[in-house]
Amino acid sequence: MVDSELKDIVQFDRQKPDVYGNAHPKSLLRSIMEDGKHLEKLTNQHVYSSDQFDRKTLLQLFRLAAKYEANPGRFSTSLQGQILISAFYEPSTRTRLSFESAWHRLGGDIMSITDRSTTGIAKGESLSDVAEMFNNYGDCVVLRDSNEGSVKEMMDTLRVPIINAGNGLDEHPTQALADLYTIFKWRPELIEEHPKDPIDICIIGMPSKMRTVRSLLKLIAKFPKAFSKVTIIANEEESSVFNRDQQEQLVKAGLNIAVTSAFAETIQFADVVYINAIAWEGDTFKEYGTKYKLSNQSALKPDAIILHPLARGEELCTSLDVTPHNWYFAQARGAVFLRQALLTCLVRRAERVLDII
Amino acid sequence: MVDSELKDIVQFDRQKPDVYGNAHPKSLLRSIMEDGKHLEKLTNQHVYSSDQFDRKTLLQLFRLAAKYEANPGRFSTSLQGQILISAFYEPSTRTRLSFESAWHRLGGDIMSITDRSTTGIAKGESLSDVAEMFNNYGDCVVLRDSNEGSVKEMMDTLRVPIINAGNGLDEHPTQALADLYTIFKWRPELIEEHPKDPIDICIIGMPSKMRTVRSLLKLIAKFPKAFSKVTIIANEEESSVFNRDQQEQLVKAGLNIAVTSAFAETIQFADVVYINAIAWEGDTFKEYGTKYKLSNQSALKPDAIILHPLARGEELCTSLDVTPHNWYFAQARGAVFLRQALLTCLVRRAERVLDII
Amino acid sequence: MVDSELKDIVQFDRQKPDVYGNAHPKSLLRSIMEDGKHLEKLTNQHVYSSDQFDRKTLLQLFRLAAKYEANPGRFSTSLQGQILISAFYEPSTRTRLSFESAWHRLGGDIMSITDRSTTGIAKGESLSDVAEMFNNYGDCVVLRDSNEGSVKEMMDTLRVPIINAGNGLDEHPTQALADLYTIFKWRPELIEEHPKDPIDICIIGMPSKMRTVRSLLKLIAKFPKAFSKVTIIANEEESSVFNRDQQEQLVKAGLNIAVTSAFAETIQFADVVYINAIAWEGDTFKEYGTKYKLSNQSALKPDAIILHPLARGEELCTSLDVTPHNWYFAQARGAVFLRQALLTCLVRRAERVLDII
């Protein structure tokens, strides 16, 4: 390899042009008045379901996330002395590194468990006993398990907070929090009581099969006036698109829900397009909606933003990465700050970072 | 799920009623005069076998553990700058997290190896060369290996201390230290030269098959006057209950040893009931004494305490968890502080925490 | 086991006689004038290939490594707040612990990935997306992958530096840096423009099959006047010993290259004997040159030093460990300091440790 070729390969830029939605933590910060009172309830709660969060707590969480994102190096000792037990029994690198990065940045320590077979569970130990062990060794737990009931079973015995980082097909609350945080960073005015310009969100995915989608819809239901329309695009039987009465609950919350398989016709009117194709079922995954593909040839509104929980496959073409529609990288980046905010509250360190508490 | 159900599920208490033997570090602290001289010998020793510890060193170790347990946040920089190599070649989460939590709480850093197949051993590298590598990369090693001879082989080359965290069927010295620490926290007067009320301890398990039991009996033998009787309950041939001449050594040390299969008759007189049913043999485990079960229906002395190294199965019923007999959770919790004490001495940081040294 | 036997087994010395080439960081420090200007180019480069380094940058890197090695405890906060992503998709403990120890000693935090199957790659995620994820979660990446093209593919998207810790059969640049650092610590005068006593180096290994050898030869080519002769000892077809035009490049750089299978005749004239027998190919390894064995019976020059990247097998007999020829343990120890120097520069923390920058 000649020197100039090598130089091209090894040199890199730390900055990239701002197509990643970088510029908005400060707008959101200015839009929400800090009030730590609404975060107090998080000091003795596990994080299990998106259902737990009311509007005021959500806004304070988003404000704290924005504060972290706007001042990334300032709070590097907030979690000093705290130990996180990072238990990923279902394979993951993305979510695990997101949580671990969040915790490290705030000065905490981590113990990782990435192999379920090394735990006492392999010896027939009960989840209740595993929880009691965690009580003695750590200050906070993050758990991802393809077994849907594990996290709830542990919650009965835990005396330190646990975050559900994905339990089977059920929920993934922190992903949903990160997604809604991203939407509000993009359009802070949507948090008002009566937003002047509510948005049209289109979700390509299956709430009944994708915990990220199910959790996100629950959060969207807390801000019904921010969303003029919520359309699910799926090419399955409509009766299988939702489960556990979710459709009824969303309608009851005041959302205008539609289900369709008409992809191109729908996305052209969407302000936010959320897409996901992979649903994990135990140790394997299944793809849904593979005929739906977004690319830079898709007819989107010029200002539309695209969200994807990642990892992505062919459904979200890389040609979109360099367009202003790309808010999915900002979504991943912002997720770290959102998790920082949540973790700080759960382990009762909010008083180290909030001015008003 | 309705809101009130959800609230019940996600809320938790950080405190639980004290059935966990929480209250005793201070009594033990007051009963032992600090004297760091007896810990000096630990500055150039590996921790291989319970046989290494004499009475005075044990008391100082227990005192230091009690000091840590009584003041959990005070010594958070004792191990700053020190690196632990946490090598668990035999599956474990409980012991690994116990050691790692102990090390993190004191401000140290950790490198974990949880998969034997990633090491040079897979390439045919000698344990001596692995030890030389550890000399260059860490300050202390903790090793669990189903291969009984690994730890001793490494000790020949290591120039940093190694702790045997379980070697095949042989020993598990730190578990035994934690167990005896728990007994003395419960009854500090047993450490006296001539205790007025020595106790009756009943061990349901097989010293020949369970390294936790074998190691504990060795430590008990250092305090023969504290134990009026030591009864092993096993339903195997008496000649197979002990091995490696342990029974003779215990008798020689002055213990009153009995072996029986009569469970109900024996436990009703015991002050301490220690139970374990699982013996690991390589990558699999075998259960012993499965007809022996303790529950809240068992006829125990009202003041009797139960110990179990955990993980437990059906031999120790959860109905006992909420009774005052439950000292097995305190045992697990105390093990972290005991390991802190030992690790501190091994890496020559005792002068940072002892007043008299 | 009787007490005295046990005492012998468990006691250890922290110091060993200096046969490990301990004494030379200071000589090298004195031989090179510090000039941070030549390290600036490392602030926006990935570390992919030995080809990237010019002579002046190498000397400053070696000086910084020597500074770290001469003052091991002094710079314990240089990497505070920095997160390393330690990704070892190909099994390794030695190189992983070497990097992680280096990073911990300087106060940084680490997230480890040791199982490729837990990453999104298992879900079909592109390496480019994995790189974008790393951009958001860490400050520096170290990657070992049996897939030769992975690191280069990630480099296109990464906005944080990545170090190639071994990519298939291609390169292992930091091992080569550590090897040359060791040679210059042993003979600092070799760094001069016109060394008075250039040395004869003999390499027992296959550059075409061993990335450590290939990378080292590239660095040796930057100091052609330091090496009077470079002899490759291999018992394969001469045409298969080199590949990718390496032999031509080395000759062009001014090195006097020879290839032979005559082992005993050649090593007796060598000043440095570098030996390696194992070549990893994917998940398995193959041994080359197994008839070549060094032992304390080998006819070496009295002052000759032996280097080996480790892990070793029968090709390097343990009888040499206690002889002054043993510089392979010093090589492993020095590698930590060399990696500290490189990592410090890559994450732009050199200004915290250099006087002249």
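For reference, chains read A, B and C in written order, and residue numbers begin at 1 within each chain.
The rule is simple: a contact is a pair of C-beta atoms (placed from the backbone, for glycine too) under 8 Å apart; a residue touches a chain by one contact, two chains touch by 3 or more.
What you see is a predicted model, and the numbers here were worked out from it, not measured in a lab.
Q: Leaving out chain B, how do the leftover chains split into contact groups?
A: Without chain B in the graph, we get one piece.
Q: Call it same or different for chain B and chain C: same when shared residue numbers make up over half of all numbers used at their interface.
A: different
Q: Can you check how far apart chain B and chain C are, centre to centre, with Cα atoms defining each centre and the answer in Å?
A: Distance between chain centres, rounded to whole Å: 41 Å.
Q: In chain A, what residues contact two or more other chains?
A: Only 112, 114-115 qualify.
Q: Which residues of chain A touch chain B in their complex?
A: 44-49, 51-52, 81, 83, 85, 109, 111-115, 117-120, 122-126, 128-130, 132-133, 136-138, 152, 155, 158-161
Q: Which stretch or stretches of chain B touch chain A in the complex?
A: Within the complex, chain B touches chain A at residues 1, 3, 6, 9-16, 73, 76, 88, 91-94, 96-98, 100-101, 104-105, 110, 112, 114-115, 278, 285, 310-313, 318, 329, 332-333, 336.
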